[in-house]
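So that we are looking at the same thing, I have put the structure below in C-alpha cells.
The chains carry the letters A, B, C and D, assigned in the order they are written, with residues numbered from 1 in each.
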Amino acid sequence: MTTPISEAPPPADSHRARLHQIIFEADTFAGRAFDVSLIVLILVSILAVSVETLRDLSPRTQAVMVVLEWVLTAIFTLEYILRLVAVRKPLRYATSFFGVVDLLAILPSWLGLFVPGAQALLVVRVLRLLRIFRILKLARFLSEAERLTHALRASMRKIAVFLLTVATIVVIVGSIMFVVEGPENGFTSLPVSMYWAVVTLTTVGYGDIAPRTPLGQLLASLVMILGYGIIAVPTGIVTSELTAGRFQHGVSTQSCPSCSAGGHDLDAKYCRVCGAAL
Amino acid sequence: MTTPISEAPPPADSHRARLHQIIFEADTFAGRAFDVSLIVLILVSILAVSVETLRDLSPRTQAVMVVLEWVLTAIFTLEYILRLVAVRKPLRYATSFFGVVDLLAILPSWLGLFVPGAQALLVVRVLRLLRIFRILKLARFLSEAERLTHALRASMRKIAVFLLTVATIVVIVGSIMFVVEGPENGFTSLPVSMYWAVVTLTTVGYGDIAPRTPLGQLLASLVMILGYGIIAVPTGIVTSELTAGRFQHGVSTQSCPSCSAGGHDLDAKYCRVCGAAL
Amino acid sequence: MTTPISEAPPPADSHRARLHQIIFEADTFAGRAFDVSLIVLILVSILAVSVETLRDLSPRTQAVMVVLEWVLTAIFTLEYILRLVAVRKPLRYATSFFGVVDLLAILPSWLGLFVPGAQALLVVRVLRLLRIFRILKLARFLSEAERLTHALRASMRKIAVFLLTVATIVVIVGSIMFVVEGPENGFTSLPVSMYWAVVTLTTVGYGDIAPRTPLGQLLASLVMILGYGIIAVPTGIVTSELTAGRFQHGVSTQSCPSCSAGGHDLDAKYCRVCGAAL
Amino acid sequence: MTTPISEAPPPADSHRARLHQIIFEADTFAGRAFDVSLIVLILVSILAVSVETLRDLSPRTQAVMVVLEWVLTAIFTLEYILRLVAVRKPLRYATSFFGVVDLLAILPSWLGLFVPGAQALLVVRVLRLLRIFRILKLARFLSEAERLTHALRASMRKIAVFLLTVATIVVIVGSIMFVVEGPENGFTSLPVSMYWAVVTLTTVGYGDIAPRTPLGQLLASLVMILGYGIIAVPTGIVTSELTAGRFQHGVSTQSCPSCSAGGHDLDAKYCRVCGAAL
C-alpha cells in the first residue's frame, strides 16, 4: 500500500518538484485536475478498445477509432516520459508495478507498427484502469478502502477454510452428479460436472447444463439449498469483521482510576461516571 | 427529503386551508381517505397501462382500456388543478419534483389528441408511482425509510470503493474471457464480454452467453466464487451500518453545558471531554 | 401463536384426558410417538401425491398409489374423528385453522367417490404439511422459531419500505426495458417486462428473456449491480434485528445504586465494579 | 475432532516413533514436508481422475493417465502400509474414518485388475480430498475452522426451523405452480414443480423450466421476491452467531472463588452473583 515513488521532491530542482506535485500528488488544484483528466482519458481509452471489438463497424467509425487510439497512445506516451522526468529515481518508478503497467499500456500500439498481430495485446490496456485506485488512494477514499481491505485481510484464514470447504463440496458433488446424470444429460466429463457444481452452488445457474433425471434433480435441489446456506458464511465473516472494526475504534480499554468504571470512548479525558480525570 | 410544498396553510383563507389539509396532509380522516384513494387510482392506472401493452387483446377489452385511460386522466387532471389551487404559491408546486411528475402523468393522454404517436409517452405515468413514497412520508413509515437511507448514505464512500472494484473486475474479466472464448462461443465483442462478466459476478446467470471451452469454464468458475465472496461486502457494509445505528441510540443527544461536546453515552453523568457535570 | 385447542383436559373424563394427552400434547412417550408417526404419514402422503403426478407410471405402481391413498385417507379420517372426540369443545377445534386443514386434507378423496374431477383438489393435502409446525411448536424448537419470527416482525415496517422500493424499481426498469428492447427481443408486454425485471433484480436470471440490444445489455448490467446492492438491505435488516435481540437479552438497564456503573448482566445481583448489592 | 490415531509414540521403538512423527504430525520439518507432498499428490490424483473422464483423449494422453494412475496408486499403497506400521494399534487406525478412506482410495485400482468395470469406483478417490482438512487440522487453521463450525452448530436449531420453512414453501409453491402452469409448460409433475420451486427460491434460476402463463409469471415473481427476503435469514443467523462469538471473548474465563459462578465480564472486580471480590 506504500507508494515508494511519491517521495518528497528535491528542494533544489524546483521545476521537477512542481511536475512531481502535479503528476504524482493530488493536493493542489493542478494535481487534482491532472488526475481527473487522466481518469477520463483512461475511460475513453477503454471505451475505444471496447468499441473496436464490435462487429459490423462502418469504415468511418473504424477510422475514428484508429485516430483515437493513436491520439491516446501519444498522450499516454508523453505522460510516461513526464513521469520518468518528474521522479528523482526513474528506474525505481519504471520497475514499480504502476511503472510496468504504464509501459504495457502504450507498448502494443507502438509494437503494432512492426509486428502485425499486436491487436491481441491491446487488452493489456485494461490494466491501466487499476490506476484509478492509485488516484483514489491520494484522495479521501483511502480510509474506506483500507477499512474494507483490513476487514478482508483479518478474515483471510476464515475465508481460506471456507474456500477449501466449497472446493471439497464442488469436487464431491461434481463426481456424484457425473455418475448420476452421465454424459447423455450434458455432464460430459468430471471437470464439466464440477463446473456445473460451481455454477449451482454460487446460485449463478446458467442453465447450459441442468439435471434431467429425477434423482439428479433431487440431488441438485439439495445442493442449491446447501449453496443458499453456504452463501451466508462469507457474508457473516465480512460483516462480523466490519462490525467489530467499528466497535474496536470506539471503546478504550482504560478504566477510571477513581471509580474503575470501564468502556470509555477513545477520546475521553474524564470519567463519564464520576468525572475524575482519566 | 424536506417537502417545501406542505407548508402551514394560511389562517385567513379557510377553504384553501381545508383543501390543503385534505390533499397535502394525512392527519385528518378526509386527508387519509384522499391519500389512500389516490394510491388505489395510481395502481389501477399502472395496471391499465400494463394491460394495454398485452398482445391479443379483444376489441372490447381495448375499448374498456381506452375509457379507463380517459377517466383516470380526467381525475388526475382535476387533482392537478386542485393542487394548484390549494397551495399559496402554485408556481413553487408546479416546479417542484412532484409537480412536474403530476403534470407529466396527464400530459401524454392530452397530447395524444393532437400528436398520433403519444402512446410511447404513456410509460412516463410510471413515475407517478413515486408518489407512494410522498404519501408514505406523511405516515409513520418515515422514520424507517430515513434509517435505511441514512445507513446507505453513511456507507456511500465504502459503496463507491466497492462499485469501482466491481467495475475493474468486470473490465479485466471481460477482456480475458473475450480472448479465451472468442466470438465463436458467444463472446462477440468486448462490451458483450463485460456484460457476461456482470451477469456472472452478480450471480444472475441468464445463460444466454456461457463459456464452452474448458479454460473458459475454469476461469468462469473462479469468477463465480469471487462473485460469491464479493456479494458479502455490500451486505457487510449495510448490516454494519444498520447495527451501528441501532447502538448509537445508546448515545444521548445531550451536549455538555460547559464545553458543548456531544455524543455522550446515555449513562454518562460527567462530560468525557472537560469533566463538567452534565 | 397461542393454541386454543390444547387446553387442560377435564379431570373427570379420564379416557378423553388420556386421548387428548396423546393426540394434542408431546410431553409423554405415547404423545411423542403419535406426533412422530403423524409426521411420517404426512410425508408419505405428500410423496404419494407427488408420485401420482409423474407421467409414464406402470399400471401396477398406479394401483399401489390408489391403495396407499385410501389407506392414508382412512388413517387421517380416523385421526380427525379422534381429535373431535378428544377435545371438550369439538366445534371450536373444527373451526380452528388446523381443524379446517385436517378436514380439507381428507375431503378430496371422499368427494372423488361422487365427483369425478376431484384429483385437482388433492393438492390441498399439501397444507397438511403445515402441521409439522404445530408439532414442532410443542417441542423445543418453539423458542428459536419465535426469535426468528420476532426478528422478522420487528423489522416489518423496514421490510415494507424495502418491498415498495423494489416494486417501484421493477415498474420503472420494466417500462424502460420495454421501450428499449421491445417485443421483437422477447419483452412482449409491460407485465412481461416487469417479470423480467423481477427475475433480474432478484438475481434468479432464468434466461428465458434476456436483453439483446447493446443499450438493453448496458441497462440490464446496471440493474444487476443495483440488485446486487439491494439484496444487502433485507439481510442487513434481519441480521441487525437478530444481533440486537441477542444483546438485549443480555444486558439490564439497571445501574449500580452505589457507584452508578451500568451495563450489568440480567442475572447480576451485585455490582461488578464495586460489589454493592443491586 | 479428536484424532485418536495420533497418540504419543512409544519411547522404546524409536524408528516407529520417528515414522509416526513424519506421517501423522506436522511439527517437524520432515513432517510438514510429508504433509505438503501428500496434498500435492492428492490434487494430482484428482486432476488425473478428472482428465480421464474427458472425451476425445488422444491414445497417448490415455496411456500417460494409466501410468500416472498406477504410480499414484503405488505411492498411496506404500503410504497406507507405512501408516499401519507407524501406529501402535494398526486396527484402530484401519477402522477409523481416515483409515477407511485411505483404503477406499487405493482399492478401485487394485480391484480393476480382476473386475472389469471398476472405473465407476474411481470416484471414491474424491473422498481423499477430505484429508486436506486433517492436514489443516494439524496446522494453525484449526481455530478458525472451529469458530466457523461452532457458529454453525450454535445456530443448528434456527437453521432447522429455517430449512423446514423453506421445505414447506417449496411444497406449497410447487403444488400451486403445477396447477397453474401444468405439464404443457414444462411443469410435468409435482416433483418437477418442486424442483423448479427450489431452483427459483434459491435464486439459481437455470431456466430449463420457466413459467409461461401470465398468472404463472406473476406467482413466480412473488416467489422470487420471497426468496430474496428468505436468503437474508441464514445470513442473519450466521452473522449474528459470529458477531456474538466475537463479543463473548469479552467474557473472562475466571470463576468466582466464593460461589464458583462463571462468565464474568473482563473488567469485573466483584462476583455479580454473590458480591465476593474476584
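Just so we're on the same page, contacts are C-beta pairs under 8 Å (C-beta built on N, C-alpha and C of every residue); 3 or more make two chains touch, one makes a residue touch a chain.
Quick caveat, the model's predicted, so the values are computed rather than measured.
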item: C-D or B-C, whichever has more C-beta pairs in contact; value: C-D
item: Interface residue identity across copies chain A, chain B - same or different by half; value: different
item: Whole-Å separation of chain centres (CA-atom averages), chain A against chain C; value: 40
item: Centroid distance [mean C-alpha coordinates] between chain C and chain B, Å; value: 29
item: For chain C, residues contacting two or more additional chains; value: 191, 194, 203-207, 231, 235, 237, 239, 243, 260, 263, 273-274
item: Parts of chain C lying in touch with chain B, wherever the complex brings them together; value: 157-158, 160-162, 164, 167-168, 171-172, 175-176, 178-179, 183, 188-191, 194, 200, 203-207, 210, 214, 217-218, 220-221, 224-225, 227-229, 231-233, 235-237, 239-240, 243-244, 255, 260, 262-263
item: Interfacial residue positions of chain B with respect to chain D in the complex; value: 203-207, 235, 239
item: Interface residues, chain C side, partner chain D - complex; value: 46, 49-55, 120, 123, 126-127, 129-130, 132-133, 136, 140-141, 144-145, 147-148, 151, 159, 163, 166, 191-192, 194-195, 198-199, 201-208, 231, 234-235, 237-239, 241-243, 246, 264-265, 267-277
